[in-house]
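Have a look at this one before I ask anything.
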Amino acid sequence: MGGSLFRYALFLCGTLFLFIIALFTILPGQDKTDFAGEPTVLLVYASAGIMPQLLNTSQIDGFFIWEPVVSTAELGGIGKKIADGSVLPPPGEWKNTACCVLVMRNEFIAEYPTIAALLSALTTAGMERIEEDPSLAVNLTAGWVFGTQPILSAGLSLQPTDVEKHSFQNLIFTGDATIPDITRFSCLADEIKDCHPSKKSFINSSVALAGKDLLSGTKPVLPLIPPHVTIGYLPSSDHYAPLYVAIQDHDTFCKRYGFCFVPEDGDSGRPTMCDLIVDNQTAAYIQLIPGQVGGGVMTGLGQDVIDVGYLGSIPAELQILFGNNASVIQSVNTRGSGLVVDDMAPCFDWNTFIAWIKTRSEKHKPVILATAQSSIQEEMIREALKYEDIHIGLYGVP
Amino acid sequence: MGYLNSRNIMITLPQIIKGLVIPVGILFIWQLLSYQIHNNFILPGWGEICSILFIPGEPLFGGPSLLENSFYSLERVLAGFLLAIIVAVPLGLICGWSKEVYTYVNPFIQIIRPIPPIAWMPLAIAWFSIGFGSIIFIIFIGSFFPVLISTLDGVRVVRIHWLEVAETLGATTTEKFLTVVIPASLPFIWTGLRVAFAVAWMCVVAAEMLPGTSAGLGYLIMYAYNLGQIQVIVAGMVIIGIIGIASDCFFRIGQARFFSWQGKE
Amino acid sequence: MKDILVLDGISKVFSDGISVYPALSNISFAIRKREIVCLMGPSGCGKSTVLRIIAGLMKADAGMVHSGVCDEPACIHAAMVFQEHGLFPWLSVYDNVAYGLRLKIRSFKETEIRKRVTTLLFLVHLEAFSSSLPHQLSGGMKQRVAVARALAIEPEILLMDEPFSALDSYTRMELEDEVLRIRHEMNTTFLFVTHNPEEAVYLADRIIVLSARPATVRDVIPVSFPYPRDIGDPQVIEVIRLVTRMVTSKEK
């Protein structure tokens, strides 16, 4: 009864089955841990938001990410922070090095230098405001990043303001930090164009200088027609608190400097459209564009879709290195990253963490660490682990 | 099936040439535009794209090559796809055959079906292992329903006539099921497989773009996006398209080889 | 000649839950071995229903079907050929004919099956098409395969429900001769439903005419001309006319 058809079907199934077996054996599966006993860490790329969940369900052993995710995990009873970003080796590397930066497209700077200066000025002013009134900053940032509802964490309910207060202890907002030196990063592949590490200059300091002038009272010369400006940033991070504060506390800024952001949706905790007002005139229409990772925002700048970006310094520099026609204006913050491991993990600082990695590797159960792909955190942890001679593998790939 | 019957599977040379006119035209215009715009972030030129495509074994971004990433994606698709077949075909056969079972199972299916597979991702990451298990689950969900429904339909449209013939020749109910219902519904199941594979292939690329994977074509595209390497993205898209066409051809050929009898009696 | 099939008072009523449609009322007749009996009657009177009850596809509401062995339809070793050939399109001609032999209720070895199927294919002149698929054959050839498939299980009686009415006249005449030949060579008994009075008179030993619904046996017309019959013969034509009148007559 249809003998030939069934024979063919069987043959097909058999071939398919063999093919899959072959794939599974040729390509390594998830549990290949044989790196000849070399101390190894397996990295997993995940989005900031799910890292606490992954740690909580024991799919990872720890994660290295930006605030306030770190504070959420700590206060939510999911894990403990054993190291701040600033203690990561090479020693002293990250002490006063910019974590996040303000970046702008070079063509945008050339076309609208005043607007660029105003944006830089407001960012700097935001930082000063945070120093002046920290609790206001905490409230506004909590509202921006989390909203007003309590945050649910594996069994606990957290108040956003508590999380933010904790997070701010790990953040320093400054425009004067030096950007990390990435000439030590080799070009990732030969096929990437325009890769000349030594040639690139990443910073355009004129904008920050002009910004400082505006803050001390120089009158800005506005463009005839207010342009439409897009600003990309990462709403899951509170590193951009200066921006959030400048927008939400606009009354103070208007009174003090004569220029400010005025959100169009006034009551929203996280506005998307603002007007840049200078002496009661609209200087520019601002659109805030939320992104998932810094690299994505930077690509937006490269595509002329985003004019201004707030993102991690390393992703910004990498893309400028690869030919992205943009410049770093100033730093936004230092510190603000944390290494979080499970509460039960046998380590409490960076050195014991490294020791733990080695023990686990000997048992052929390497530590699995999550980080955000193409972020400064990824580069920091890779750099630090390499410094400690730890081999880095990707979870699921040889 | 109209003009797509088994005899016309062999395509003639003039047809190939005519079919190539539009793609080649687009390539030409693309290359012109990329010179014009001169921005690799917006429209990379075909020189860069092809330099990635022509050495597919070369490691990309210090990691797996284009070819290896394709295998990772294919591996996940096949695993989830096969799993879906193993569950959906028997379930579809039983649901189509037994009204009772159908009444129990159908409401559940109608509720779950409209949910896009990608929406399951956050839950999948929590329930199954990140990277592999969760993606297999997504593929499974995506392929499950087309296979189930076409199997179900295949059983329902089996001619009562054939069942009567089998009965008069002395077949038991089990034999009727095995020797009439299953062969008769195979062409429908095959079509379901074809649709399901296309869905599964789209799902895997989308699922790999979500955070949590470290390999695969979707992951490669996201990685390239984060580094502003749009030419790698386009190369990835070309590979995705090629695999999609290849799989569709496979199903077409199978249709012509084994099910040429469908629809003609 | 013994009776191999006896219908005794068969009645059948169809109901759709609202109305009731009496279909058959007290049908009784007997068929002897090696007979070709044609069943005729006005359209929709229930001829197919009678066949289906005999084949076991339907149960009668009253009355009994006797065969030489026992008293239930399931015991009748009857195979059926339908107007629609009903060949399994995914099986080759060979496998279609062999289908009945491969079922569990018969334990045949492949060598025996091969012998029997080949013989039957020769019988219906289709030995050259053994590995063809049904959709590659003409209508007449398909019906021949259907007949061979039915004969493969060596039924005591072959039920045929207007098997040739969808074919053109030349093919029909060929196949009618096949029926006669099969009866001659294999001693098969036939119960043959047809609309065609010529066909009935050409083939039948007896013609049973049913009335309009609810059907009863109106008349049983014996046809005793020697085989093969000449349709042009005046006497034969007379019988054909008689049969036609009987079938189309509005009297009960």
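When the chains are written out, they are named A, B and C in that same order, and each has its own residue count from 1.
In this section, a residue touches a chain if its C-beta (ideal position, glycine included) is under 8 Å from a C-beta of that chain, and two chains touch if they have at least 3 such contacts.
In this text, all values refer to a predicted model and were calculated from it rather than measured experimentally.
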| item | value |
| --- | --- |
| Chain closest to the middle [Cα centroid of all protein chains] | B |
| Label of the chain whose CA centroid is most distant from the centroid of chain B | C |
| Best-connected chain pair, where connection means C-beta pairs in contact | A-B |
| Where chain A and chain B are represented by their mean Cα positions, the distance between them in whole Å | 35 |
| CA centroid of chain A to CA centroid of chain C, Å | 82 |
| Whole-Å separation of chain centres (CA-atom averages), chain B against chain C | 49 |
| Sites on chain A at which at least two other chains make contact | 1-2, 5 |
| Multi-partner residues of chain C (each touching 2 or more other chains) | 88, 90-91, 99 |
| Sequence positions of chain B contacting 2 or more other chains | 179, 183, 186 |
| Interface residues, chain B side, partner chain C - complex | 159, 161-162, 164-172, 175, 179-180, 183-184, 186, 259-262, 264-265 |
| Chain B - residues contacting chain A, complex | 39-42, 48, 51-52, 58-64, 68, 71-72, 74-75, 78-79, 82, 122, 125-126, 129-132, 179, 183, 186, 210-215, 219, 222-223, 225-231, 257-258 |
| Residues on chain C engaged by chain B in the complex (per definition of touch) | 55-57, 78-80, 82, 84, 86-91, 99-100, 103-106, 133-135, 149-150, 153 |
| Residues of chain A touching chain B in the complex | 1-2, 5, 8, 16, 19-20, 23-24, 26-27, 29-30, 43-47, 50, 53-54, 57, 59-60, 188-189, 191-193, 292-296, 298-299, 302-304, 315, 318-319, 322-324, 372-374, 394-397 |
